[in-house]
Structures are given as C-alpha cells and as structure tokens.
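Take a look at the structures below.
Next come two complexes built around chain A: one with chain B, the other with chain C.
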Partner chain A sequence: MKILKIPKANLDLFVSVLPAFGDVYAPVKRGKGYAFDRPLRWFDVQMNYPRTILPPKKFMLPPREATFAFDPAKGFQDLLADAARQLVLFGVHAYDIFGLNILDRVFAQGRYSDPYYVTRRKATTIIGVDFEPDERHFARSMNADFVDSGFDLFLSDIGEEYLVLVGTSRGDDIVVLSSSLLETPTETDFDEYKRRSGLRRAAYRTRLELGDLPEILEMEYHSEVWDEMGERCLSCGSCSMVCPTCYCFDINDEVELGSRAGTRIRSWDSCLFKTHALVAGGENFRSQRASRIKFRYYHKQRGFVAEYGRPSCVGCGRCSEACPARIDIQTVIETIRGERNGTASSVARSA
Partner chain B sequence: MELQAALPVPHKHLENPYLPMLARIVRIQRMVPDNYLFQLRFADASVADTWDHRPGQFVELSVIGTGEMPISISSSPTRRGILELCVRRVGRVTSALYRLPTNAMVGIRGPYGNGFPVEQMEGNDLLIIAGGLGIAPLRSLLWYALDNREKFGTVTLMYGARTPGDMLFREQVLSLADVDDLSVLLTVDRDPSGTWKHHVGLLPSLFSKVRIDPSRTYAAVVGPPIVYKFVLAELLKLNFHKDRILMSLERRMKCGVGKCGHCSVGYKYTCIHGPVFTYWDAINLPEIV
Partner chain C sequence: MSERKTILIIDDDRDFVSAIAALLESAGYQVRSAANGRDGIDLAKLIHPDLILLDVMMTERTEGFFTLQEFRRLPELGRTPVMVISSIYAEQPIFRVSPEAGWLPADLFLPKPVDPARLLEEIRKLTSASSNNEARIAGRSAK
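Entry: the complex of A and B
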C-alpha cells in the first residue's frame, strides 16, 4: 500500500482540492455532539471527535428516499439518477468504515444488490482518520478498531503530521493532485505510528470476548436478562437509528392527492417498533418488547455471525449513548457471559 | 442443509430488483367470497415468454397507487405464459386488488425465495399435505409433479378444509381424484350441507388411509399453525427424517430480496433462506411459530 505523510499545517490546503471529487462532508459541532455536514470553513472541521450522532450510513441509506415513481398510465420509473451525487466524506473513523463494509455485504453482495445503495457507495470518496477511544468505544472487541479496506485515503496522527494510507486508485488521484503538500514518511514516522497505535489499543475500557458468544447466546436464550431489558426498553428505536450497521427499512407508497400516481418511499425502520414483525391478518411474531430487544441482540451478535462470519456491530458505542433507558451494550454482553450479575439495573450504565 | 439450489434467475429487473414489471389481470376466478384466483400476463411479451420460477416461490404484487404485498405463486413453471396468484382478502392492498377489474394493470416483481428443492425431491415419493390456504403454494408443486410424472414415485395429495364451501380449487382437486398415478385424499372438518362424498375429519385422520415409506418420501406441508402442530406429529410418528419434511413459512416479506428485515425469523430471512424450510432447519430457528 502506498503510504505518504502530510504536515498538519497543510491540511486546509489539502481539503481545498477535495471539491474536485464531490461535495465535502466532515465532522462538525452540532449542539453537544458532532455530525457529518458541509463545513463552512476548514476551521469548523473537527479532527478529534469521539463519534458523530449519526454514522455515515445516512449517506448510503438516506433516512427517507423515493425509489421509483408509479403511474397507472405510465407504469414504473426508477429514480436512481437522484442517488448519483458525488460525495467526499472526510474524517471517518475506522469503525464507521467497517460499518460501511458490513453494509456492503448485505446491500452490494449476495444474490441481489441494491442499486440505490451501490450507486451512492460508488459515488462516495472516503477519507478516514484515527481516533482516541473513550469509555463507550469497544471497537477493539469487535475487531473494528483498524480497517484495511473501504476507504480511499486514511489519515493517522503521528504528532506534527498525519500518515496517509492510499487505499484506492481514486485515493491516488487525490494525492497526485495534492502532491506538493505531501512528503515521504521515514522509519521514525512508522515507529511513532506503532507507538501510538499500541497506546490506542490499551485505552479501551473493556475487552469483550466474542469467540464463543454465539454459543453462549444459544444457551442464554431463555435468560431473565431479556425480560429485564424488556422492562427497561422504551421501544423508541434510537439504537437502530444511530447504529452504523442497522439497515432495516419500511416501504410505503405515497400517492398524489386525487390520483393513483405517486412514489414508493423507503425509510429507516427498527426491529424495536411494535409493527416490525406484524403480518397481514394481524398476527405479530414479536408483540412483546422483551422479544424485540432480544431479537436485536440475537440478530446482530448471533445471526449475523452465522451468515457473514462476524457480528453486525463495530463497537462505536452510539447505541449506549443514545438509549434513554441507559441500556449499555457492553454491560449486556458481560452480563450474558456471566461476568456480571444479571439484574435489570446491571444492564444499565450508571447515570 | 439449506435449500439453496440453482434458482430461476429473476428477469431483466435484476439491475433494479425493486422495480416492478407491469402485468395485466387476464381473468379473475372467484373461488370463495374472500379468496380469488388472479390470472396475470406480463405486459412485456419477452418477460411473459421467459418467466420461470420454482414451486414454492413468491412474487411481490403492487396495486398501483395503494401498495405492495408478497403472494405465493399457485401456477406451475411447467405451464408458462400465465401467472396464477391465489389471494385472500385480508387487508388494505388485497382489498384494493379485489376492486380492480379484468384487464387492469398491476406490478409484479420476482420470483423470490428458495421454493421447494424439486431436483432433490426427484426419484422419491411425494406426500403433499395442504391445510386450508396452504393449497395455494402446494398447487404449484402438485402440477409440477404431475407434469413431470416420470421423475417421481407415488404422489399423494392430502387436502383438508373447514367445510366443502371453503375448499379452494375444489372442482380441480375433485377431478384429480379420478386420475391414475395420483392418490387424492380430501377431508373437511365438518359438512353443514350434508352433500360431501369424501372424508369428514381433521387432516391427521387421513394418515390411516395411506401407506407411506418415510425413507423414500418427501413430505411438503403448508397450512395454518394448528396443521403444522398435528401433521408434524403424525409424520414424526412414522419416523420421517426431519430433513425430509418441508414446510413453508409466511412473514411480511416487504422487499423480497433480503434487505428490509421484516421477514426475519430468528436468524434467517424468510425471503432469502425460505420460505421453504426443512423441519430440521425450522426447529433450530427461534420464534418459528
């Protein structure tokens, strides 16, 4: 892999070449948190942020999108062209790139690929940046603290400079265009990278064991922990909305007033919502809250492992941060593993 | 073992599997008050001519201006040109479909799901067990077997309905009772009219009337939960291997292509891994019934 370095003082000039590759989105302050948005000036871009409120999936799977138009007279016309806007996502953390790589497995690979997702993914340039884990991150436990694909460029802080990993041909186009800003790294730079990478690994609060988690989940299927969580959970779906790998969607036809023409809309959905497993005729296979929150854990930590060989979780900590009932995924996994006492209060984080 | 053999390739809409293809309602057969058979023909002749599916697969049907729903295919891939869908009126979209006249256009995409593993079933006896609406997908398998009669051993249809008036495809199955090389066993739970000439009793009571060799038989069972409960018990009593019992599950397959998440049952998506599961796969899925 081609590796370069860029002095931090050159970053603003570097970012100024990016609009040639698409509309630039980067982490900026939003209230008490951070969000990927269009920065008005370089000064607004946050290079050290814990996590954004929403993960970058919002660019590939918008919260709401029209997929095609229908008209009894004209039939069906896809709205795929609307998805082809060129984007540059600057400053994406490794676990979020990993999240997109997981979504790729579901939406771009397999028997059917999703043309809306694939069009957006192909039109998006991704520039990663490393991060300092806080107490909610457990990306290392999910093997998502480093990523070796899914980005065009990746920046790693080595003090006065960033190392620049070039991941794709498009990433190379960017460094060729900005070659006057870049330098060749030295052995000392690599040593500094290794030193900092070791420090980051050591900074995680917990180390969750994943190896036998699917088997343990099979054994704990009837555990009281799920009922206790059902008592706490409000079924608000916040955890799904902020999750980089939750992708369930709902489909609805919106019809123009006074006609049968309209558009088919897909919008974010959540398995925590009561209607998720409702079928025609009124049968609901998960009418209880406890069964729904249990389903979410089993799908991500058990079912996805069976299907794709890894959990659909990247350890970003957003679900714990967003949960109004303070259900904390790290604590839930430790409880199920028997490393904590399973009570309703123990699956919640302290206030 | 998962039932994922080589499936019929969906049509040119493979580029965008969400985009329906126009189909014309060529005939509506009012089988019983809330259960009509819709015969459809694709507007694009090349689609109509090349359409292929596997018994047990389903399509997504759009009523333009109302919405979309998954419907199992009742016609056999051995009889091309017309797609037959047996639709029960239960909700908003089915009610809108019932209001459409002959020659109205609807949207169809598919076929989806795994369907019955027919190649694997070849060379074996077939025991097709339908309870009520379960005949809708099983009719496709039955006609497939009859049109490929040389590929199967004995073929037996057991079909139970609540009353003779509730029996779907009644004239057709009654006429099949006279066909050589096919055993048809019909039953109704009760016969208010008093004119029913066949068996009266629940589906499991038909088992005493047939001889089955479980080691060379595939049983395909589709029906409401109560049917699974009692029929599966009978099959296990006969020492059927659990992977020789095939069943079809119904969930809300909204996208049909393994993305939207609504048809998940335990760890599997009904639209991709199913809707046909072996009994062995099914008992290993939580929340199956």
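Entry: the complex of A and C
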C-alpha cells in the first residue's frame, strides 16, 4: 500500500481539487449533530466529529429512490442511470467504511447483486479519516475500528500532518493530481502513526464481549429481557434508520391519479415497524414489539454471524444515541450475557 | 424588458469590483456584485445572471472553489457560465494543480491582474448565444 503525507495546512487546497472525481460531500454541522453534506467553504468541513446522524449508506441506498418508471403507452424506463452520479465522500470514519463493506456482502457480492447499489458504490470515492472514540463508540469490540479495504484514501492524524494511505488506483489518481500538496513520510512519521494508533485503541471506554454471543442468544431466546425491552421500545425504527448496516427496504408503486403510469419506489423499512412482517391475508409473524426488537438483535448479532461470519454491527453507537426510549445496545448485550440484572430499567440508560 | 446581459461579480476586493463593474457597464452590461461565496450564491439564485465572474481567495483562500462546486450542483445555475479570476497561483505557489487538469468546473480561468480587452472578449464569447452555451455544456458533461 502506497503511503504519503499531507500537511494539515494543505488540506483545503487538496479538497478543492476533489471535484475532478465527483461532487464532494463531507461532515458538516447539522443542528446539534453532524451530517455528510456539501460544504460551502472549507470552514464548514468538520475533521473532528464523533459520528454523523446518518451513516454514508444514505448515498448507496437512498432513503427513497425511484428505480423505474412505467407507462402503458411508453413501456418501462429504467432509472438506473440516475444512480451513476460521481460522488466523493470525504472524512468517513473506519467503522462507516466497514459498514459499507458489510453492505457490499449483501448487495454486491451475493448470488444476485443489486444494480442500483453497485452503480452508486462504484461511482463513489471514499476518503476516510481517523477519529477519537467517545463514550458511545465500541467499534474496537466489533473489530471495525480500522479498515484495510473499502476506501480510496485514508487519512491518519500524526500531528501537523495526515498520513495518506492509498487504497485503490482511483486513490492513486487523486494523489497524482494533487502531488504538489503531498510529501513523502519519514520513519519518524511512521513511529508517530504507531504511537497514535495504540492510543486510539486504548481510548475506547465502551467494550463489549462478542466471543460467544450467538450461542448465548440461542440460550436466551425465551428470556424475559425481550419482553421488558418490548415494553419500552416505541417501534419508531430510529435505530434502523441510523444504522450503517441495516438494509431492509420496502417497494411501492406510485401511480398517478387517473392514469396507469407511475414509478416504482424503493424506500427504507425497519424490522421494528409493525407492518414489517405483515403478509397477505393479514397474518403478522411479529405483531408484538418484543418479538420485533428481539428479531433485530438476533438478525444482527446471530443470524448475520452464521451467514457472513461476523455481526452486522460496527460499533458506531448511533442506535443508542437515536433511541427515544433510551435503549442501549451495550446494556442489552451485557444483560443477555448475565452481567447485569434483566429488568426493564436495566436495558435502558439512566435518564 | 431589458436586453442587457447581467453579470454577477463575486469578489471581496472592492477596488477590483468597482473597476471591473465600470468597465462592464461601459460595454453595455448590467452588473451586480457580492463580496463572498454565500452571498454570491444567494444573489445568483435571485437574479439568474448570464455570467458569473468569481474570485477564489475571499474569506477563505479556497472559498471560490467551493462556491463554484455549489453553482454546478444547483439545477437553476448549473449551466450559467462561470469565469474564475484569481491570483491564487501567484499567492499560493505550492498549489500547482493546473486549471487545465480537469478538476475546476469553470468555463475559463484568468489570472489576476486581468487584461481588460481580453476580459471583454472572453465575456462576449461566453454570453454570445445560449445555443452555444448548450453545446459547450454538453461537451463538458461528456468529459
């Protein structure tokens, strides 16, 4: 892997040439939080942010997208070309890149790939940046605190400069274009990288033991904890919406009034929604809130492990932050493991 | 309705704006101006100019680059010709990424100080006919 470095003082100029590779999106302030959006000036770009409200999956799997239009008079019009817009996501954290790598397994690497997702993924340049974990991050426990693939460039803070890891040939094209702004790193820079890397690993305050969690979930399938969580959960789906790896979607045909022409719309769905397991005939396989929230944990921490060899969780902490009922994934897992008492109050953060 | 073409100057150098505005007005153009990128975007959305003259180093040294990206993304302004006029290459010698390298989505880059005769000629070319603009933009999109 090619490694360069860029002085922090050159970063504004570096980002200014990124439009050669697509529309630039970066973390910017949004209310009390942060969001990937279009910066109107360099000052808007936040290099030190804890997490964005929504993960970058919103670019690959938009909350709502038109897949094709239909009209009895004209036939079908595939809208796949609309997904081919070239994007540059600047300042993506490692766990979010890991989240995209997990989505790749589902949408791009299975027997049937999703052309809309794949088109957007290929059209998107990813430039990562490292971060200091806060009390909600547990990416270290999920082995998602560092990534070695899924990005074009990755910036690691070494003080007055960033080390620039080149991950792809597209990343190499970027550093070639901006070569006047980059420098060759020294042994001292590598030592500083290793020192800071160790500090970042040690900075995680939240640690979860996942070793035999699938087995323990199997044993605790009938635990009262799920009923207690069901009492608390509002089924709002916020945890799914902000999750970098939740990918359930719904399909609806929107037909124009007085016409048979319309558009097929794909939009985000959530297994927490009451209608998620509702099928024709009125049968609902998960009509109770407890069964729905249990399903979410079993899918992400057990089912996905059996299918893909790892949980579909990257430890970003967004679900805990977004939950209006203050259900906290760390507390849930510790309760299931028997490390806490299983009461309704114990699976929620103290107010 | 006025037939005069409207040119928006986005530049924080008041002397430069006054001088260029006087030059353009004497050549028959209507001129509006803004002193930073955000104000320039807001004003452009309002007046839909025929051409934008854009500085780079304003509140920030790269502000014009970000402003230009926003213009190109806005449906109502994405096709408006933009001429970048800046001394950034003289003042930031480390920045050796040529405007010809395909990253700057501007129609033309002119270094400051700008030659008045050349400026008027380039403005005339860029504002000459909307059909020419359509062809030019189609060519740019195909890159």
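Operating definition for what follows: the second predicted complex is superposed on the first by the 348 of 351 C-alpha atoms of A that agree within 3 Å, B and C clash if a C-alpha of one lies under 4 Å from a C-alpha of the other, contacts with A are read in each partner's own complex, and residues count from 1 in each chain.
As a working rule, a contact is a pair of C-beta atoms (placed from the backbone, for glycine too) under 8 Å apart; a residue touches a chain by one contact, two chains touch by 3 or more.
Since we're looking at a predicted model, the values are computed, not measured.
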{"item": "Which superposed partner A:177 touches (first chain B, second chain C, both, neither)", "value": "second"}
{"item": "Which partner, chain B or chain C, touches more chain A residues", "value": "B"}
{"item": "Touched partner set for A:16, first chain B, second chain C, both or neither", "value": "second"}
{"item": "Which superposed partner A:234 touches (first chain B, second chain C, both, neither)", "value": "neither"}
{"item": "First, second, both or neither for A:24, with chain B first and chain C second", "value": "second"}
{"item": "For the chain A and chain C complex, residues of the former touching the latter", "value": "10, 12-13, 15-20, 23-24, 38-43, 177-178, 180-181"}
{"item": "Chain A contact footprint on chain B (complex, rising order)", "value": "7, 10, 14-22, 43, 62, 64-69, 90-91, 94, 105, 107, 250-252, 254-255, 257-262, 264-268, 272, 286-287"}
{"item": "Touching residues (chain side chain C, partner chain A) in the complex", "value": "37-38, 41, 59-63, 65-67, 69-70, 72-73, 92, 94-97, 101-105"}
{"item": "Of chain A, residues touching chain B in the complex", "value": "67-68, 70-72, 75-76, 78, 80, 106-107, 110-112, 114-116, 221, 247-253, 255, 259-262, 264, 266, 269, 271, 276-281, 285-286, 291, 295, 298-299, 302-303, 306-307"}
